[in-house]
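This is the structure I want to talk about, given as structure tokens.
Naming follows writing order (A, B and C), and every chain is counted from residue 1.
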Amino acid sequence: MARKQLKAAAVTILATSVTLAGCGGEQPAAPQSKGPVTITWWSWDEHKFLDPIVEKFNATHDHIKLKAVKQADLPGTAANLRNAVAAKQDVPCLVKNFGEVPGLAGEGLLEDVTEEFEPYTKKGLYNEPAYAGAQAGGRYYGVPSGFNPSFMIINRAVYDKYGIAPPTTWDELIAAGKELKKYGVYVMNLAGEDPSTLVNLTQQAGGTWYKVEGNTWKVDFLSPESLKAAEVIQQLVDNDLVANQTYQDRPALIAYFDSGKMVSLPTSTWQLGNYELNYKKSLGDWQPIDLPQFAGAPTFVTNAHGSAILVPKGCQNVKEAVEAAVWMTTSKEAVDASYQEDTKQYAWPGAIPDPSPWVDSAVPAKLFGERRAEAKNVILKAVKSARDPWVVGPNYTGVFTELQDQWAQIVTKKITVREALEHMQKFTVDDLKAKNINAQG
Amino acid sequence: MVAPAVMTWRRIAAIKGASFTVPFFLGFVLFTVVPIVLALRESMYTTKSSGLGFGEKTIEFSGLANLLKGVGDERFWAGMGRVALFAAISIPLIQVASVAVALLLDAATRKVAARFRLALLIPYMIPGIVATLIWIYLYSPDVGPLTPFFALFGVNADFYSGELIWVSIGNLMAWGGIGFNMLIVYAALQAVPREIFEGARVDGASELRIAWSIKVPLIRRSLVLTTVLSIIGTLQIFSDPMLFRSMAPETVTRDFTPIMGIYDWAFAQGDFNYAAALSIILAIVVGLASAIFYRFTNTAPTS
Amino acid sequence: MTTTLDRRTVTASAPRPRVAPHSKRTKATVLFGLIAFTVYSVAPVWWLIVSATKGQSDLYTTNGLWFAEFRLLDNFRELFTYQDGIFLTWMWNTVVYSLAGTVGMTLICVACGYGLAMYRFRGRGVMMGCIIGSFLVPHALLTIPSFLLYTDLRMIDTPWAIIVPSFFSAFSVYLAKVYAEGAIPHELLEAARIDGAGEYRIFFVIGARLMSTGAATIFLLGFVGSWNSFFGPLVYLRSQDKWTVMLGLYSWLKIKVDNSTDLTGLVVVGSIVSLIPMVALMVSMQRYWRSGVTLGSLK
């Protein structure tokens, strides 16, 4: 009889569980070895990007040796780090960022490195807006790796064809969208799975959804800045000015962008090479322009939320790990070592105050045609005008998946942006409280 | 009464018989039972943060609290209902198709069968990530061939839309799964001694009749097995709907299916304890569904 | 060829009049049905083949169902030279892990299934309960506990973490049991016992032979499963030179998500190359589906 057997199975399992309960042991820490300290660095970048940096570092450092371990992809890195931290064994000391630092710190995956990193902040090595991306609740849990400057590229050939001027504000972009719609052209793409446009606009407006007040999180999805961002999105959606191409269907996405039916892309330096590689028909038609501003903004601002090289909890050599990461993110040697022969590009040095020596290499040869020279100024202006007011809380990983669900409802017109934000407000506060974290809002 | 000598002889045979299972069960206990038990333990604890949520966490024993919370979790059960409905429709279709292919192969002459067998197994050999790559293209309403194909018949088919999502997922599962089921059923068919059919053929029974009245009953155990595996696999469906989360995100929410919900709780919401409790509930539901099916087909799985 | 002949001599003693489906209509129906299913199975692969001949810049922008500039040879060259030929390392690793794991699995699981099917002993019901119970457990639940266990066993980042756990497949045991029940008549074992054969001898001489179709199926399913699995390698293998081909292709496919490189072209060619060992295996195992050894031949 099936039932009887299942019951028997359950009993055996329970019996074994009692015996096992006693023997979940802790691993003893590995003894410190003499000689150079080896720092293990996990990243899912290809070896051709990692190896030159590791070689350069090891050639110039005696007391620390860097060792790169290639991970399969972002979710794979996340899974492996969770496992390693739980096992408390062979924990790497540096990991490429796979989320928002506060979310990961809230999960207990990261080491507080404030003490080790603070001295470097006084040396002027970093661009000011780069710092926030490595912090959670005012403490450092990694080394800032900086940000990618935000700007926009437009299909100038299509804009010109219909006699529309490139937008300088979001209102102008909406107006351009209304004009383009008459010709069956969408002004922008809002992928249904990716709410980052809402996040970016909120950042550009100077807003944030979380704030620390004393020992409490103040959650505010309905701040004036957030609502300003919401208004832009709402107009784009309500007037049917945007396409909703998913990133997953890559052939369709590329073909669509290439076809001239979608003509403005908020973007950043790292994506340019990809456009150059995959576009065909529209190569040379694109123009880099400054990121559109909110009407009446007192100064030119671009959103720029930085990232970090993570230092996981259980790293045995935090001091050396921080030293190596600072070298990777700020030294000229490291940037120069990132040069790739085939694409003639350097990795974008997003953390340092003045990336101008490397800007030119970030701009591909054919994408912008004869407007290629304009890219340099657009990019440098974006770097100089970068602000990072963005703070997130320890439950942001989960909040983000909920936001994705809400965002999909927004772009398919099932709910308004405001309704989504109201929902997020309640969800976030309830979730923080359920985790026994101090929150109000 | 059995003579004592026979008793011991039987005993020894039984012990020797049991010894065939020893290597497997040693490994099974270590690599399957132990992790399950460790995971079950997780469900009985609750992890709490404090302050701003970045400090050390406290872990408290909470008994069945997580399980009870899961029993009352409406979003989780909504996902379960969705998947159960899908299973009720898709499994019979896929099973019938698999058996049909196996029977066709079995009915064909040896030469013909050899020619088709490999081709029929190609989808099964193609790894999931590549199958996904292929079908993303075929389904694509913008560049794929299927939407224009159906338009020829006046059918407006957008395989990425929320309405067709289950059709798209079902077809993806069928394409990759029929070969697997077919192989199991076909192997069982081939193991059946041929003499059994020949008599019927000589008596003039049609192939269809032989298939339905003789072959199918003979391979019933294999059919039950593939069906139960399908029930388990379908109720635990994850990667296919996860893919369509990008295509139709307004329909495919983060907890669209039970396993998607479990992943979200464990790795996004960061509550591994609750995720473990939900896994147990899911395992119980899947177990009940399988048990009902076994009861229905009158084949006790453990005998 | 010689092995095929061997087998034929085994079956020869009981001539099997393989009567072809009698009416022409039946024959046509069978053929039509097979063709329909084959088209459904194979047609989608057309895209893969066409894509394998394209360069990266044609991959997204030209018609997916027809050829553009023919770059198949360049794609092969790039596949085999990328990162010092790491693809070949992955292929070799996968062959080793899959063969070692599947051979061990087939031996252990077929023996276990045979034992469960042919003998009545105490604890048998509990064992079957555990096997079926283990199907029901969602694997998401087991990632972290399994990792902690493998860490304690010092198996992380060694091939053993992939090979050894794959020996113990509950599904294969169940399958073996089902096949054993279908293929081995109890009376035959009784007869052998009366002849004085020991239990182990009976297994190797009669049981294993009668289960050859089943065992071959178990081996094949196990091999394909292990060839295509990437979750285990993803979690338990650290260094890239120990990876399997599926994990490697997966990482190539994902590169484009946040990187300026796009290796989808390599994934397409690589996935076709990675099919070759599986196809070769299937072809070489065709003879096991020639239908099982008939009962008469063993009596």
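Methods note: a contact is a pair of C-beta atoms (placed from the backbone, for glycine too) under 8 Å apart; a residue touches a chain by one contact, two chains touch by 3 or more.
Here the structure is a predicted model, which means the values were calculated and not measured.
Judged by the touch criterion defined above, the protein chains are all mutually in contact, each touching every other.
Once CA atoms are averaged chain by chain and compared with the all-protein CA average, the nearest chain turns out to be B. By number of C-beta pairs in contact, B-C leads over the other of A-B and B-C.
Computed centre separation for the pair chain A/chain C is 40 angstrom, with centres defined by C-alpha atoms. Each chain gets a centre from the mean of its Cα atoms; for chain A and chain B, those two points are 36 Å apart. Centre-to-centre separation of chain B and chain C, using mean CA positions: 17 Å. Counting only residues that touch two or more partner chains, chain B has 33-34, 36, 38, 137, 143-144, 287, 301-302. Residue positions 5-6, 13, 79, 82, 250-251, 255 of chain A each touch two or more of the other chains. With touch defined as above, residues shared between interfaces to two or more other chains in chain C number as follows: 64, 125, 128-130, 132-133, 144, 148, 250, 264.
Contact residues of chain B toward chain A in the complex are 29, 33-34, 36-38, 40-41, 48-54, 56-57, 136-137, 140-144, 160, 243, 245-250, 253-254, 264, 267-270, 287, 291, 294-295, 300-302. For chain C in complex with chain B, the touching residues are 16-22, 26, 30-31, 33-34, 37-38, 40-42, 44-45, 47-48, 64-65, 108-109, 111-112, 114-116, 118-125, 127-138, 140-142, 144-146, 148-149, 164-165, 167-168, 170-171, 173-175, 178-179, 181-183, 193, 198-200, 203, 213-214, 216-217, 220-221, 224, 227-228, 230, 246, 249-250, 253, 264, 267-268, 271, 274-275, 278-279, 282-283, 286, 289-292, 294-296.
Against chain B, the residues of chain A that register as touching in their complex are 1-3, 5-6, 13, 16-17, 20-21, 24, 78-79, 82, 102, 105-108, 112, 136-137, 139, 191-193, 212, 215-217, 245-252, 255-256, 393-395, 397-398, 400-402, 404-405, 407-409, 411-412, 414, 431-432, 435-438. Interface of chain B with chain C (complex): residues 13-21, 23-25, 27-28, 30-36, 38-39, 42, 97, 100-101, 104-105, 107-110, 112-114, 116-130, 133-135, 137-138, 143-145, 175, 178-180, 183-184, 186-188, 190-195, 198, 201, 206-208, 218-219, 221-222, 225, 228-229, 232, 236, 238, 259, 262-263, 266, 272, 275-276, 279, 282-284, 286-287, 290, 301-303.
Partner chain A is touched in their complex by these residues of chain C: 56-57, 59-61, 64, 83, 125-126, 128-130, 132-133, 143-144, 147-148, 151-152, 156-157, 234-235, 238-240, 243, 247, 250-251, 254-262, 264.
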